[in-house]
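The following pair of complexes shares a single chain, chain A, combined with chain B in the former and chain C in the latter.
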Partner chain A sequence: MALAPEIYREFEAIVGPAYISDREYILAALRQPQPHSPFKPVSPVAVLLPETTEQVQAIVRVCNRHGLRYIATVSSLISFAYPNGPNTIILHLKRMNRIVEINERDRYAVIESGVRHGQLRTELMRYGLSYPVASVGPGGSVLANFACSSGDNHVEYGTSRSNRYLAGIEWVTPTGEILRLGSLATHAGWFNADGPGPSLRGLIKGFAGQWGGLGVVTRIAIGLDAWKGPPEMPTEGRSPRYRMRLPADCHKVLIFKFPTLDQVHDAMQAIGRTEIGFSVMKYFNASAALLATESANEFWELWNSGLFQRELARPLFVYLSTWSAEELAYEERVLHDIIAETGGEPVADEVLDIYRENMDFFVLVGFLQRVLRLGGAWAPTKLGGDSVSHMFEVAKAIPEFFDGFIARGQVLDAPDNFMITPAEYGHQAHIELLYLWDRNQPDWAEVGLQVMRASLENDLEHHHHGSSPPRAKAMLERLGPRYSNCHVWIERLKAAFDPNDVSNPMP
Partner chain B sequence: MRATDRVVSLSTLLGSDRCNADPDTLQGYATDSSGTTGPTPSLLVRPRHRNEVIDLVRYANAHGTSLVPLSSGPPHCHGDTVPGATNAVIVDCRDMNRILRIDPLNRSVMIEPGVHYGELVPALAAEGLRCTLPLAPRGNKSVLTSCLEREARLIPKYQYDAVDPLLTLEVVYGTGDDFRTGSACGPGTLDELRADKVNPWGPGPIDFFRLVSGAQGTLGLVTWANIKTEVLPPERELYLTPGDDLARLIAPVDQLLRRRVVDECLIVNAVTLAALLARDGHELEALRTALPRWTLITGISGLERRPRERLAILGRYLREILGAADLEPLAELPGMPALNERLGQRLDNPCGTEPYWKFAPRGGCRDLFFLTTLHRAPQFVARFDEFAARAAWPVADLGVYLQPVIQGRGCHVEFQLLHDPHDAASGARLHDLFLDASHALHRDGAFFSRPYGPWAELVYRDDPAGVAALRKVKEIFDPRRVLNPGKLCFR
Partner chain C sequence: MTAMNRLEDLRYTMESCNHCGQCKWVAGPRTTGWRFAEICPIHMRHHFDAYSGQGLLNIARELLDGELSYEPGLVDLIYSCTMCGACDTACKSIRDMEVLDTIAALRAHCVDAGHGPPAPLTRAADAIATHGNVFGRPRAERDGWRHTPAREEGGSGPIPEPSSSSEIAYFAGCAACYLQTGIARDSARILAAGGWDVQILGSDEECCGRLLWQTGQWQAAEQQIERNLAIFRRRGIKTLVTSCAECFGAFRGIYPRFAAVEVEVLHISEVIARMLREGALRFDREVDLHVTYHDPCLLGRQSEPYVPWQGEIKSFGLHEPPKTWRRGHDGVYDAPREVLRAIPGVTVTEMARHEENALCCGAGGGVAAANPVLARWTANERLDEAEATGAAAIVSCCPQCRGNFTAALPRRDRALDVFDLTNLAARAL
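Our next item is the complex of A and B:
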């Protein structure tokens, strides 16, 4: 379905003729199915590239007037960035890519939607500042991770989930009002996102974000931490063969392996109570092998050698980052006490060296897109959060539903390919199970959903909070009653703020 | 409905021993120490269980009755528990006072609204835990309310956003529906759920716990909450750094917090510090005149393993950072021995004695507080001083407390106006100073994030879009407007 010429002209008057298109060859790129997804997106009717908040507001108002749906996006790496119904326009926010302010003194940065991690994180280093970069690679939108999607990261043990760091929000509501939340609401600056009174920031993002389903977040301020590294990444070589080592007197990576998950749990809990370390994780092993190799052939060679299955089945990654050599030595002593008590031992040097040579794993995860490289299909499941203890409980139940998929040859034989990341020194934790499958098998289109369903059913059976109800109407309706009737409140809020249901409606 | 019918109905619902219609008692709820006044409530009820709260809210919806929740013991200080509508029923949750679960492994505690700091602090200490306290709260202050209302806390490094340390909670919305937030939401009933209920976010795309934070009970009545706790450090050292120049004292605070060197971190003036430490009126005056104008109080801690080694490193950082600003952290202030231990007691415990330390000097205290950034705090202090001088407010009756929050990315600024509540002339001056200064500070960029009483009009009049959004939220969670009417922008 094409966009009516008079509406096109309305939009054109807002963004200018250079920043709108309904040409077929442009739209074709915006309805391209993702490799792992069996769903073919509906074609959008136009794509617009606004430059300012006011332009976004004007576009949203036109959409409401004409009943057009809109999806705001930057990186478009997830299925929610693609239309699931007719009469949808894409609001591509990549022109809104300004770092509006870096406030070194008060430790916040104000950014627009299109600012990427690679742009902001490296800039902040010059100021001795940092923030927890979501594990999405340098091309991910900072704003999307903080305010619209998920945003778990490799250093949330020593920091937190990214949404904790929101310090101010400018939000174009689904009907086109501009709201400024927190201290910004009363012209007090960009330093606090909650209040005045009830925190409307709660509407913007929960455990996951709204994925564009409740208007468009056009600017945010994020709180910044101190950066303990140099002002520029000390990189040698060129991608994909490069090394990035931070100064050895204050930065050290250690990886241990344990005979049981319970021991990994005990070590993780004990470390959290001492508040040493900057990153602590039980990391994936198959995904780690993908990140460690430069081609599919190399991956298979490594994976088939069994090294990562032996060394990283139950690993504990620890990255120590301190202000002095003395502090590093102290943290290492505490760590070794804990590892000795809990029965861990160091992994083989050939595995450890990968992370010692590429500490960007704890900064920007420069080579994250390698996990997509196999060319088959992959998906995450679980994606829930609660205590460290509960996440291990969830993990221990994974074989109950996952082994069957492995036995039937439907997914890669990688039962340990899950991550448990503690946050805030172990006060919470997040779990994620990544599974890979071959698109050449006859039922490939079903595999992803089957694993997700089995995972959810397993959570329901055990009453595990291994995931939140997914963003899909039918699933939400079915599962909501088991989750405190959350669907009722989510739907009422959506209806109140988006009465025309035009802001990226839920599939 | 007539008042007598209401008493009969609610007595049937909760039991007659749970309802109090004594006029003298009720009259006491028509005002509070902030000077806020409202209609005398028609009844006070004391529910014991969640189901009774649900019954109450449903009753209120059916009969158009206003409910005003409270969970702390007196004195109430912000006007939020004074009815804003006639024939209101005070819902006193102090009998919902169970500590439901202490989880030492995952460092959290699940409490009902009537659990007060006076009970919780020793219960946690027995399990090797502590909660991050506000500055010497009243022993009868509800922990849950304190967290819900986003009170500033002494240890900024443990605070990742303004709602921290609140984790999950159960709320009875104004519709009478109950709901659990974050990972407490499910799957299944609370009894079935295996989760430890420590993930505050969600469920799904909404941070439901944030919506009821700072809401003064206008959206829902919280029946329990899970609160983050921390390891009780086996060793702790407190340091006092005196200074005359506030800006100079604040500058290194930012560095201390960036590097996460310190746990407790606050700045107080001589009036506040004297009020905190004095054991009687005589000592109060002696301390007030002898103490430095400003004191930076910092604590460093040794945790469970190798605590002395940690203390040595953090102590060196502390001295280096303060030394670079030509300041020196001291175990004791010159000529004033044995304050350190008393101060430690004060910071680690709620105030168990009567009168409350803020009320001890003059009998009354009105707090004017807001948020700003650390570096702007001295400007606001100077600005307030102008107003205090203009109002001829005695320097001896003006406490100042600066509390860095959220890792030092913000600062709670609090002016404590000590006054004699029986002195009418002083009361009028207090009223004018409070309002004039609030308006001016707001204009200058102070963020009144918890808009009690007259601050509500101040913050909401400039934010019509925000008000419209809040009213949509109110319409969903309390469509009959039975919960604490007249507060915030819900007038």
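Our next item is the complex of A and C:
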């Protein structure tokens, strides 16, 4: 359905004629089915490219007046960034792309929504600063990741999930109020999203964010950590064969393998207690093979060799990042003691070399999207968070529901393709199972959802906190009772803040 | 045509796109900060996703499936793309997709459906058919460059007489034959100085046909390619030297789509680098200049040889038989830099976006003719980046780039010199 001409004119008056379009060929770029999905999103009726918070506010007010739905988005990587109902406009926030401030002294950066990981990460390196970069690739929006979506990353062991780094929020509510939260509300600066001043941080972001379902976040501040590497990316080579070696006296990757998951768990906990290391992960093995290769054919060669299944079924990736060679030597000694006590051993050199040669794996601005290389039909399930021990319990139950899909040939035969990453030195952890299937198989359209449902039911059966509350009403209602009835809370908050139900309603 | 190049052959690419956006950005490991991080000129200019590799894939898919029709504005959008291939290289750093081939096929779809290309590009095709060059200039004047000095030339002295028996030919290309003749003159001088005796095709030389392929006029492209290959055969040419990146990229990346290319194709920068290494050429004169080097798209990321592939994409993306991918890794990046660094007095500072991540000059894909305003806009973006290096001049290896940069200069505050590599190299002889 087209946008009424008078509404178009209202929008046009806000953003200017160059920054609005309702042309079908412009909208075509915002309604494509994702490769894992048979469903084509509903076409938006228009796309707008606002430049300021005030323009966003004005647009949101027009939407409320006319009952138009809106979705704020930046790179639109995920399906929640696309309309699931009629009369939806897209607020593409890429022109709001300023790095407003980099405060070296108090270590925070204030950014608008269009600033991307590739940009902020490299800009901050010059100041000797960093932040936990989500593993989404350089084009992902930093703000979306910190304030609107999930926020897990490869270095959360030594840092945290992105939600814990939010230090200030400017928010256009679903009805069009501009709110500045936390320390901003009292004009005290951008240092804390919770206070002094009112805090709604948990509501806007909480664990996983609102995915555009509760207004538009226009600016945030994020806390920054020290960057112990060089001021510029030490990249060598050419695409797709980049190599990134960090100075060997202070940066080192070690990977160990263990006979059982319990031993991985014990080693992970022990490392956390010592607070050595910057990144610690039980990483995916098929995804690792995808990241390490340059084509699907190369992946198959590696995967069929069985190397990654043998070496990385139950691995622990450890990245040590220190200020001095002495510190590195100390951390390495401690680590080797722990590994010896817990029964691990180093993986084959040919595997380790891949990571020594390319620490982009930890810097995380490179090739994460390679995980989609096998045609693009993939999905993550679980995505939950709890204690380290609990996450391992969830992992041990994976075969119960997943092996059947493998046996029936519905998904890639990669039962160990899950990740458990501790956060904040092991005070909490995150789990993610990535599964891939093939669009050539006759039932490809159903596989994604079938696995997700089976995974959820498995969690319910075991009283596990494996799954993150999903953004789909039916599944949320099923899971909500296990999470303090979050489905009821979410619904009530939505009704209170978004009475016209226009801000990216949940499907 | 031998390979799978039509829109319907490229469905796997169109259906694999997950909107990750990499095609709009410099590869992460090569990003240097907030500024100069984007890579698609049309997306930088218009911001809508439709103006990008990803958007063009989406448009192509809807047109193919009959979900979108040719409406006013769509053809202009499709022809605003400079075919620079930055999206293609960026996407191929992570995926097995043929973004640029899909854009090319989309243009062919436009032409087949009777909606394209824009008028200036059909006029160029007519000119090529009638006169053998894009400008519609007389065929007989094709080697006029040999007799008339040009303002931009760096060398001095007479232009050597061409050989009639050599198996090596210098292919000047339309732009250097008619507009930037200094490039052809300096190229001829350099080749002679290095001891290479070359044929010059004169009125036998015709447009390489790059523009025809890039603008979707594939039938005309095929005819042009066959004509040129016949000329090369007739003249006994075994090696072809070009000073134009676009001709070079066409011979390597476009011709094999239509016919087997039996000649060795070299860019003049490769030849000079080889001569320097072998001691056949020396730069004796100092050229006191701080420069930055602009990688032309068809000399850099798009110059890998095209190897036709016909096969099946099996489960989980397995290509059978294995495919030779053109990921932009093995373009001609080193030779021009080697030559520049060998010139006494020249210092080179890289721009943030360089080699396979270079930003297009803005002139490619027929944009200079069909949308000159956009072409100048992109040139300005690139010149801003060049200025940010502190260099006094920008050097390229392609008359198209040089022409477009030069056209953008008058409206800029700071005067930046624009050179072709051959002009500087000839000056140093």
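Annotations for the structure displayed:
The rule is simple: the second predicted complex is superposed on the first by the 499 of 507 C-alpha atoms of A that agree within 3 Å, B and C clash if a C-alpha of one lies under 4 Å from a C-alpha of the other, contacts with A are read in each partner's own complex, and residues count from 1 in each chain.
By our rule, a contact is a pair of C-beta atoms (placed from the backbone, for glycine too) under 8 Å apart; a residue touches a chain by one contact, two chains touch by 3 or more.
In this text the structure is predicted, and so the values were computed from the model without any measurement.
Once the complexes are laid over each other on chain A, chain B and chain C both fit without any clash. When the two complexes are overlaid on their common chain A, residue A:I99 makes contact with chain C while staying clear of chain B. Vertex at the C-alpha centre of chain A, arms toward the centres of chain B and chain C: the angle is 140 degrees, rounded to a multiple of 10. Applying the stated contact rule after C-alpha superposition, one finds that A:L302 touches neither chain B nor chain C.
Of the two partner chains placed around the shared chain by superposition, neither chain B nor chain C is touched by A:A313.
Contacts of A:I406 after superposition: neither chain B nor chain C is touched.
In the superposition on chain A, contact is made by A:G206 with chain B only, not with chain C.
Shared-chain residue A:A445: touches no atom of chain B or chain C. Once chain A of one complex is fitted onto chain A of the other, the partner contacts of A:Y242 are limited to chain C, with no touch recorded for chain B. Here the smallest spacing between CA atoms of chain B and those of chain C, following superposition, is 23 Å. The touching residues of chain B, when paired with chain A in their complex, are 103, 105-108, 150, 160-164, 177, 179-180, 182-188, 192-216, 218-219, 228, 231, 254, 258-259, 303-306, 309-310, 313, 316-317, 371-375, 406-410, 442, 445-451, 456, 459-460, 462-463, 465-466, 468-470, 472-473, 475-476, 488-489.
Contact residues of chain A toward chain C in the complex are 18-19, 21, 23-32, 34-36, 47, 49, 75-77, 92, 94-95, 99, 115-123, 126, 137-140, 232-233, 235, 238-242, 244, 294-297, 299-300, 360, 365-367, 369-370, 372-376, 412, 436, 438-441. Against chain B, the residues of chain A that register as touching in their complex are 105-108, 159-161, 163-167, 173, 177-183, 185-189, 191-211, 213-214, 223-226, 269, 273-275, 323-324, 326-327, 330, 333-334, 337-338, 384-390, 393, 424, 426-428, 459-460, 462-465, 468-469, 471, 476, 479, 482-486, 488-490, 492-493, 496-497. Contact residues on chain C toward chain A in their complex (touch as defined above): 12, 15-22, 24-34, 37, 46-50, 52, 54-55, 58-59, 61-62, 67-69, 71, 73-74, 77, 89-90, 92-96, 313-319, 322-323, 325, 327-329, 333, 355-357.
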